[in-house]
Amino acid sequence: MLKIELNKLNDLFAKISSSTDLILPVTVAGETNFAKYEDGAEVNLSVQTVKSAKDSFFPQAEDLMKFKTEGKKIDIIDVREKVESFVLFGVRACDYRSFEILDRVFLVDPIDTYYKAKREKGVIVTLACSRPEESCFCSAFGIDATNPLGDVTTYIADGFLYWNANTDKGNALTDAVKDLFAQADSNDEAKIDEQKKNTKEILSKLPYANVDLSGFTPDKLNELFNDAKWEELSEACLGCGSCTFVCPTCQCYDIKDFKTNDGVKRFRCWDSCMYADFTKMAHGNSRNFQLQRFRQRFMHKLVYYPSNNEGIYSCVGCGRCVKKCPISMNIAKVIKTIGGKNND
Amino acid sequence: MQEINKEYQPLIVAFCCNWCSYAGADLAGSSRLSYPANVKIIRVPCSCRVNPMFILKAFQRGADGVIMCGCHPGDCHYTTGNYYARRRMTLLFDMLDYLGIEKERTRVEWVSAAEGVKFSNVMNEFAAKICELGENKRLEDLRCKE
Amino acid sequence: MQRIENLMKAKAIELLENGTVNRVLGWTAGDFYYDNTPAIFNSKEEIEKSFVYNSFCGANLSKYLVKERKNEGKILVFLKPCDTYSFNQLVKEHRVNKDNIYIVGIECQGHLSIEAIKAKGIDGVVGLEENGEEVTVKSIYGDKTVVRGEVMLEKCLSCKSKKHVAYDELIIVNEMPEADSMKRFSKVAELEAMTADERFAFWKSELSKCIRCNACRNVCPACTCTKCVFDNPESGVDAKANADKFEEKLFHIIRSFHVTGRCTDCGECSRVCPQNIPLHLINRKYIKDINEFYGEYQAGADTESKAPLTAFTTSDIEPGSNLKEGK
Amino acid sequence: MNNEQAKIISELSGTNAKQCMKCGKCSGRCPMFDSMDIKPHQFVSLIAKGQTDKLLESKSIWYCLSCMACVERCPRGVAPAAVIEAVRESVIRVQGQNQLKAEEVPQFVDPEFPQQILVSAFRKYNR
Amino acid sequence: MQRIGVFVCWCGSNIAATVDVKRVAETLGQEPGVVYSADYQYMCSENGQQLIKTAIKEHGLTGIVVCSCSPRMHEATFRKTAESAGLNPYMVEIANIREQVSWIHKDIEEATVKAIILGRTAIAKLLLNTPLTAGETGVTKRALVIGGGIAGIQTALDIAEAGYEVDIVEQRPTIGGRMAQLDKTFPTLDCAACILTPKMVDCAQNEKIDILSYSEVEEVKGFVGNFTVKIRKKARYIDEKKCTGCGICMSVCPSKKGLNEFNMNLNNRPAAYIPFAQAIPNVAVIDPEQCIKLKTGKCGLCSMKCEAKAIDYTQQDSFVERNYGAIVVATGFKIADLKYFNEYGYADNKDVITSLELERLMNAAGPTKGTLLRPSDNTHPHVITFIQCVGSRDISGCGKPYCSKICCMYTAKHAMLIREKYPDTEVHVFYIDVRTPGKNYDEFYRRAVEQYDVDYIKGMVGKVYNENGKLMVQGSDLLSNEQITIASDLVVLAAAIEPEPSVRKIATLLTTSIDTNNFLTEAHAKLRPVESPTAGIFLSGMCQGPKDIPETVSQASACAAKVIGLLAKDKLKCNPCVSISDDSMCIGCGTCANVCPYGAITYVDKEFRLGGGKTEVRRVASVNEAVCQGCGACTVACPSGAIDLKGFTTKQIMAEVEAVCKR
């Protein structure tokens, strides 16, 4: 394990970004989101980002291809540039888990080559949590916030950032920057263990730490789907997309065309199941009421996805939707309301 | 004719109402009063048909300046159209300015069917002003400039 | 506050039981004190179980009435002073059926913003205690006390009025301090005084945060179109994401323009923005312009007056004539 | 305009002789008409035709009082007095000798002179 | 998918000299959707149109783009061409490559490129065009003529003659207008009253004509074929139906200080008066400003003496509202204000008069009973000087930039009449040019010079001043190159004429356009000179531009022919480019109706299916296509974009914006 003083982190970021793109939490106009590191950027590793880390692999808008027209002639142009390797720094355990959930969507046949290219080139440096928020409930999904995986795992404790490479990619990155680090000793490891212990204690006491998901099993699909509670749960929903756009696991997108000056650019952009035109087809919409749309989101995360993916829920308990819903309705409340009596 | 810098040719979209300003442009034409070729006129029935979205669309598409011309207030073919247009544009232009977009990029002129000279002068002046400002960078859509 | 809540509950139960209304629109309590959700209550039991009115009921309930129009019977709604303006505006635009709504205007001492509390570095908030001007924030990391006035919602800090402009009855126990409406435009004026470059930089960094979640639009009581132009492929401006920087501006200019003269300045757009973009500054610019150019106008103050963009005078100012020269 | 000189005079005068519709109102009003060999309207007409030689030799230019009656009355916005002034100036420039300097003025001043004479004298001679 | 044909017109060399028309046709032929392109010397010619028709049939075209002159010129022509070849006329778009390209650009490359872009823009729009069908409306078979001068009278008579009802609204107490004030008329020198008054009587007696004198148009609603006009009948304090026109009230009225407007204020009239003996209607009117009874409540002499009991001091303005199919503007002219021309001394000298004042002084029914006496001392003037072009052809800002057209002829007339009647009088005329185009006009002028010895002086007057009771007219004689001063007894100014000022308000009411000189604009300077650009509004007489009587009368009849042509139709085709609201998007907020200038939008409750077996009733906008004029104000006001304008849809305009911005 290596260590670096926190006040030297900018040197580390400068070094990494000198050879490759570095994506990390940056504060712009008061809000912290993952963004490319640039000289003078206000890096903030102490708060949860507004948007999740998924943008790096699955950006909100992404060009797919281009049709160039000239008179009556149409050329199809591949707009994919060779993806260069990049470093994604400061990913929390919940967001890291979300990549695994996205992989199960994008990397199974048919493989999403746009996603795959980025996923392969991304070096993920995770950061262990030490100060969870009241909205956090990752532990409900079996995630250990204090010990994230990734190519490199880092911990912040006692004025130092500790660095531990886990994979070949991680080792390669470590080699490139190790000059800046000192070797950590057993004393340091003890400090980290102490911090982990403290954090785990806080985590176990969080309000949503013990939401019970056991009621969400594939065999209860019909029962859950027909639950009368959906109506009151969805009543106040505005049908905006805040929850889906801050969510690390939402993976739905829409494909659209943009008419440029010399043709058409085909791109995809995040879609939200909360929107009235989500999965609109020639015959119209499959879900006409907000109740149906609302139910879809949670049924997908808690029932449909797990039944196709060995019981893995498509929620990581990051709590972003808990924080950002304009009317304070969220997945935790849904789980508590229809997830069976253990939640009472 | 206005001397235009050959390197930089600004693109100007002019929305002209059918009854006065488009006729004014016709008069400028039949009086052989020239204005830069980069002024492109779009005919609308009345200035009140000009949706702020059209103006933003023009900027998105790469226009460097957008001008709306209508009948003089009080002379609208539809009686009141340009009065509504005037309020809309006043507020829209103010908003663009508020967002930091150069105020000179947008303009409203009232040009009657009899004012061919004015039409040509206005277009020459406006084109010169836009030349001075240079390319529209603050309200551009890079996808349209590839 | 507790007293108001009790009065509201009693009133709701009374009106339900005497048959004046068949449902009640209010707020239901959440898990952390600050996360109340608008809700419809159909029975005394429901009300007694979870009806809440505390300092985190900033949500404007008037927009829900549009949806409620389809349902049978009369509904009771609790509206804060500023919410009644939105209500009036909806009446004016025929979006709600006034006859099927029973309004109880409620006391408002300004509502609090959890974002503002968190911005003070207080995290892990699991509860609050209100004691007059002081608020004790209970956190998993220990309790802290803050001054009420410092953690209010932006819309309450620059409250436009404490007067209910529409109601059937009022529940007001304590005096509501009169609003300082001049405050509303001070930030707009500050921006106006900047150079265009400074303004551009300001808005560039603010709007670049926009994730196009549409929360601002969907919460807006003036945005009640069944199909928004931004969702309509025929409109020429539809988009689901800001695929280019241009679209951030386009979205916010058009969104605010569409509510110009109709926006009551309820401040919901700024309250719900997940990225805390000061969207009210865009809407207020239009309001300030309207006041300056066409005379004072407060949307929703009544249900009859002509909106500024559907009216004119022959001597209105010319577009751009008020703007100072220069980049 | 086929004559350089006419162009210069036109520019100096800032008037467009082509706008003249030959109504003669300038001459109709000119107080010094009888003393002039070339009449005010002819000035304008000669400039329009580019025949400047006659003008430069004309005695009229020294008779013009610069009273501006012709300018005031012209329905076409042409300024004959300005043309005459411009011709005068051209002549003086050629002579290049007899400018009037401000400091020399007091010795010429007769208190009986109307102010206009002083002003017009200065207009004529000081450049 | 559309099959578009592109037709590039050379317009002789008008376009082809600056635009490479072949290249334009070739390039546009390559555009998606275009299956045929051609160029031709004159597309609007019969051969050109035939070429279009053949191409439409042979290539199965679904729409055409014509790159030619302004759509204001030939859009209608090409729409007809398309229609006759079986195409919907609204599947035609014009790219204006003459007025917007060839006439203003010199560089061939630059002009050609622009022409191609404009062509592409038209194609982009056309690709989104849909066939439009015009609706129909009925026509109210009645016309309104605003103004009862010779123009209005002639138009009304002609319309009535064709069998249609027509109302004349006249702001003065009698019809007759300016012509009634004239003495003799050129070039025949017959007396104006002798030829005008019979026509006035015809009007009064024609049962199809209703004269609303002393009335003004207050409000105009509706559109071609279906106007509703509110007319204010000013209180004349005389019951029109009872008054016999006996004139007793005039003779007993003790208030005699009112200025006689009919006599150009040269003398006075009583408060109760009939403007002139042949007035139509021959009904008195009481001037409330002068009437002692109305001002102080004490008098009532006329009421006591009136045998018909027609006097009614309590009368108020009343309103009538009538429906018309067509409206004719015949508001006429007035003498321009001379306040900027103090060099002629009009304000300071009673004996400097305008020509119209001279008409009254020479008229047998005038203040001097036809004897020419000068106003200051009622003596016979021996030297009379006329000054022409007073305030006309003036670009200095004091006068009018245009030629008033009638002054040369009436000055010759006046000079001749004076010399005829008073041979001892010396008559001088200062002129700039003598303009006499017209049948027998120059002969008339030459007669003044040759037979009547009128002294025409080429030159302009610089100053008129009073010296010992004589009016000294100082001017130049350009031909002898002299400055001359004529000591005169009377100076007559041929003052510029200008449109009657009330025309501005009327133009606004009628939503028709007016030029910088306040003359009404015609739909086309050459081809539609009596129609205004606003459908259903026609122009008669001086309101459109300076004219003499023969011209006015011919225009008035032309105007009547146009009106008759309109009223003869049972149905009018509406403009199909009207607003249409999409029910699925409309939220019934009412914003569109608030901005509609025609009140074309109403709201209806409609039931909609929501899916899942549910329905809801929503309030939605409904556009009356016959009333909508297609301005588009509603389309922008609508927040949801539910309302669109056919022919200028949001998508079409957006497509045009995209096309013009393509570099």
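Letters A, B, C, D and E name the chains as they come in the text, with residue numbers starting at 1 for each one.
Operating definition for what follows: contacts are C-beta pairs under 8 Å (C-beta built on N, C-alpha and C of every residue); 3 or more make two chains touch, one makes a residue touch a chain.
Just so it is clear, the structure is predicted and the values come from calculations on it, not from any experiment.
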Q: Touching both chain B and chain E: give me those chains, sorted by label.
A: A, C
Q | Per-chain Cα centre nearest the global Cα centre, belonging to chain | A | B
Q: Tell me which of A-E and C-E has more C-beta pairs in contact.
A: C-E
Q. Taking mean CA positions as centres, which chain lies farthest from chain D?
A. A
Q. For chain A and chain B, what's the span in angstrom between their mean Cα positions?
A. 46
Q) If you average the CA atoms of chain A and of chain D, how far apart do the two points sit, in angstrom? A) 86
Q: Could you put a whole-Å number on the gap between the CA centroids of chain A and chain C?
A: 30
Q.
Where in chain C do residues touch two or more of the other chains?
A. 227, 229, 235-236, 243, 309-310
Q: Spell out, as numbers or ranges, the residues of chain B touching 2 or more other chains.
A: 52-53, 57, 61-62, 74, 80, 84, 88, 143-144
Q: At least two other chains touched by the same residue of chain E: list those residues.
A: 595, 637, 650, 654, 658, 661-663
Q: Determine which chains touch and list them pairwise.
A: A-B, A-C, A-E, B-C, B-E, C-E, D-E
(Q) With touch defined as at the start, can you tell me which chain B residues reach chain E in the complex? (A) 1, 11, 13, 18-20, 22-23, 25-26, 28-30, 32-35, 37, 40-46, 48-54, 57-58, 61-63, 71, 74-81, 84, 88, 112-115, 120, 144
Q.
Using the touch definition from the top, list the residues of chain C that touch chain A in their complex.
A. 30-32, 34-40, 59, 64, 119, 123-126, 139-141, 205-206, 208-209, 211-215, 217-219, 227, 231, 239-243, 268, 271-272, 274-277
Q) Given the complex with chain B, which residues does chain A contribute to the contact? A) 258, 260-262, 265
Q: Going by the contact rule at the top, pick out the chain E residues touching chain D in the complex.
A: 343, 389, 393-399, 430, 432-433, 458-463, 474-478, 481, 483
Q | Sites on chain A touched by chain C in the complex | A | 28-31, 33, 50-51, 60-61, 131-134, 202, 205-208, 232, 235-236, 238-242, 244-246, 254, 256, 258, 267, 269-272, 275-277, 322, 324, 326-329, 332-333
